[in-house]
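A short write-up of the structure that comes next.
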Amino acid sequence: MNRSPLSRRNFLKAAGVTGAGLTVGACRNASAVPAEATRAAAPPTPTREPKPTEVAMADHNAMATPAESAAAAPAAQTETAWEEMDRMHEEGVKIFLDGIDPTNGFWGTPLEYTEENGVKIFELTCQEIDWEVEPGKPVAAMAYNGIVPGPEIRVTEGDTVRVIVHNEMNQSTSIHWHGVIVPNNQDGVPYITQPPIKPGETYTYEFTTRNSGSHMYHSHHNALEQVSKGLIGAFIIEPADKSNEPEVSGDYTLVLNDVGIGLTLNGKSFPYTQPIIAKLNDTIRIRYMNEGIQIHPMHLHGLEQLVIFKDGWPVPQPYYCDTLNVAPGERYDVLVKCHTPGAWAFHCHILSHAESAHGMFGIVTAVVVQE
Amino acid sequence: MNRSPLSRRNFLKAAGVTGAGLTVGACRNASAVPAEATRAAAPPTPTREPKPTEVAMADHNAMATPAESAAAAPAAQTETAWEEMDRMHEEGVKIFLDGIDPTNGFWGTPLEYTEENGVKIFELTCQEIDWEVEPGKPVAAMAYNGIVPGPEIRVTEGDTVRVIVHNEMNQSTSIHWHGVIVPNNQDGVPYITQPPIKPGETYTYEFTTRNSGSHMYHSHHNALEQVSKGLIGAFIIEPADKSNEPEVSGDYTLVLNDVGIGLTLNGKSFPYTQPIIAKLNDTIRIRYMNEGIQIHPMHLHGLEQLVIFKDGWPVPQPYYCDTLNVAPGERYDVLVKCHTPGAWAFHCHILSHAESAHGMFGIVTAVVVQE
Amino acid sequence: MNRSPLSRRNFLKAAGVTGAGLTVGACRNASAVPAEATRAAAPPTPTREPKPTEVAMADHNAMATPAESAAAAPAAQTETAWEEMDRMHEEGVKIFLDGIDPTNGFWGTPLEYTEENGVKIFELTCQEIDWEVEPGKPVAAMAYNGIVPGPEIRVTEGDTVRVIVHNEMNQSTSIHWHGVIVPNNQDGVPYITQPPIKPGETYTYEFTTRNSGSHMYHSHHNALEQVSKGLIGAFIIEPADKSNEPEVSGDYTLVLNDVGIGLTLNGKSFPYTQPIIAKLNDTIRIRYMNEGIQIHPMHLHGLEQLVIFKDGWPVPQPYYCDTLNVAPGERYDVLVKCHTPGAWAFHCHILSHAESAHGMFGIVTAVVVQE
């Protein structure tokens, strides 16, 4: 992964480079709001400004119909309704833009390991924790090493990997290496390939990696609860022979989830997701991993996606799309050539997973292409 | 698009050409109902004939179990139950067949434009309207130029397009050109690439088209409501070089939707959808566009589909199927060779999107191949 | 299909071959439960051992959160909760393993036919029955010839097929030959291509098969109820020229269903589904058929799937995956090279279709590779 630091100033330059660009706050682009706007806007009735967290915590899945409810209200009230809706939309985008911090470890800093006789040794601790899908609003979660998703494990094809799992939860667990070819007794299915790892126990997996690709690790015990609440992570095996690997300036893993901790992208809900930052004409790689129980057709604005791998296997012939349907358990690797500058919305196109009357939320982020 | 007029007589000839064919009404095909039908049918208990609109407005999503409820009833009542079910099924099909009118503008008459200094200028007006998913039953909708979906915009790769948007609704809006490569400030995401278009305002988009294909335009503000209620339309960019375009006798766009105005195909629910009419051995092109929030696996009876484009991009190698799963935000172009005459059912294969105990409804139509 | 008999002893040898292997019952693998398990497990509070049927009949779709409910309980109760959960998980796996009987007709014994003047004649009788998705727990179903799914019909491309349908149900029906190219009047859509087959009637379909592949037959009348309750079956047309057919040691059809009789694989819910038994280095063929109304992304552990056909049509270039998303109405044929011995879990990766706090259920089975 090769990411250049991005100052706040540079980010805004990138996002706003194309003209109207970002209109954070109440500013308006004169040409974008022409004079023929004929309807006199009533001055907004004073209403309490909703705080960001209030907005974000609202029931995003309920399909509000402000226009309908407003229809029965007096005119001034009607104005208030849509203006409040707009303000909530704007507030979310502001939080998103203000929260950009490319120096944090959001984008899959791989888990550190020790090495012993050529074996790479990782440690994972399972805990029941409170996880902030958004700041200040903890939800009951289950985590590897205290984060959701768990830390990315990244090794090279042929590596022998040992993973020591500590179960500090109040229920048993196990880990399945989803997509990774392993001996049967390392496959992680309680009562079929191993006993469950009971509360307080430690269990060790060990296998030599054979198939490169974007894989996952996750619980395979009481999995509807444990996976949906966060016992998930990326397990990436880089090929031993990298001559066929695409050259990219950034490599981003997007772990998608839905029930349990809610609609999230790498454990966070918009506006608390982090954007992907790239330079003009960069090619970036995105690895989708669906750990949820619903499909997530991922739509990137403005920049086409070239699908190169499915479930870690190369597709026979790469193909282009702008919306890629990722089903539970699937992974896809795509390349994106950043040929046009600006801030490109990037979200699940099941609209109830991405926007409510209170603004965008859930599985939404952006690819920001700096000039 | 090249469609020949179809008289009622010719349609029936086409549909009934293969033998048993269409059995509209109560007629029976003797060979199809053999003598070994041994169970004496009790004369139907007189029941009120449900009117078409009553049938169609019933709660299609509720899974009725007439057999079960009938089980507790006396025999004559039981007969009534299934006979009434059959009558409702038949009624829907009759309405569908009677409603065929190939001269109406259902199939995507492109929006007219003016031209100024080489720029094609389109106008779209957003309004909250009542929309008849079926005749006489208006639902609350949001429309471009008064129709759902909005008018098809069809241009040629390289065209510069200006779209003037008038917002006559009681809430702000914006338009995203889904799949179309545009400069960032024309991308239609409020507070990221433009301010929202407020009630009463007019806003102008302008861009030069670069990538041909079957694209879409739709709201990107409060989109769960606005898109599901109808602020959607096809945006088709024909390639500048048409030498690789397939030769077809008809080109049909199917915009799919689900929540909001309900399960619809081009804004209508069966039996008020319109069939595709083709001649024997014609090749037709179908462009699927999913503007809903659910998948719609589209199944065509009797005629295979050759997938040639996904999201406007050519697939590396076309492939055949009979059921094509279209996810929200996706578009697919397929070719259908009409090699066998008759009326071929064509529907979403999520059965709750296509049929209830009251008969077929929702995302259902037919391809009628005339000999 | 070519399956060798498998004794109980041989099965366990196969499943346990790789080391820790199967740990049926309470046995533990010493190396798998290391000494560093530091938390003293409280002795389990005596609780009533749930009977297998109780476990299996629990509401699997409700997402239980035993950890949460346990949090409010005293410590001993908490231990009881997870131990009971584990016991239920184990119980299901035991039932699955004990139930293996490769001599039964689970895997699609084709329907017998008579032959008359070169026509293959099949008979199907539609009945409302009680069907045991699991032993002792009948659900209201609709069946062809008394089983769900109905018997597999397997013919060869070019065969002329006559199917005589007897409707012994309390409602009308019809049969659509999903994916099979037929004359329009044999397509099975009431009031469009035929009258419905009324209660007590017999109806005859006849057509010459033209397109080989993994197809289906199912009701096309009141289909949401009739299909979801079981009027479904595989219709497999083997190619006349078998020179391009893959050589396989086993050929398994997996009919998936969800609403109606519930989440099932060939009409059964785990642990009452049957595993696929193969020998090391065998190549097997799996034909997925989704007759439900939800997607089922099928994940096979440890062994990659090579997709070779979609809807009976060869894919232009076979591709590998470990999770294959099968949408309603779709069929896929895949090849699996059994390169690693052991019992490999094989399930829908929508976790709510495969596991609850009470253990695995629904669309779950295993591929058991014997050394």
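Letters A, B and C mark the chains as written, and numbering starts fresh at 1 in each.
In the analysis below, a residue touches a chain if its C-beta (ideal position, glycine included) is under 8 Å from a C-beta of that chain, and two chains touch if they have at least 3 such contacts.
Only a predicted model underlies this, so the values are computations on that prediction, with no experimental measurement involved.
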Self-contact between copies chain A and chain C, residue sets same or different by half: different
Equivalent-chain rotation between chain C and chain B, CA atoms, steps of 5 degrees: 120
Distance between the centres, which are taken as Cα means, of chain C and chain A, whole angstrom: 33
For chain C, residues contacting two or more additional chains: 295, 316-317, 325
Of chain A, residues touching chain B in the complex: 15, 17-24, 27-29, 31-34, 36-41, 63-68, 70-71, 78-79, 81-82, 85-86, 89-90, 93-94, 295, 297, 299, 301-304, 316-323, 325, 340-345, 349-352, 354-357, 366
Touching residues on chain C, where the partner in the complex is chain B: 128, 140, 169-172, 176, 178-179, 181-185, 187, 189-204, 211, 220-225, 227-228, 259, 293-295, 310-313, 315-317, 325, 327-330
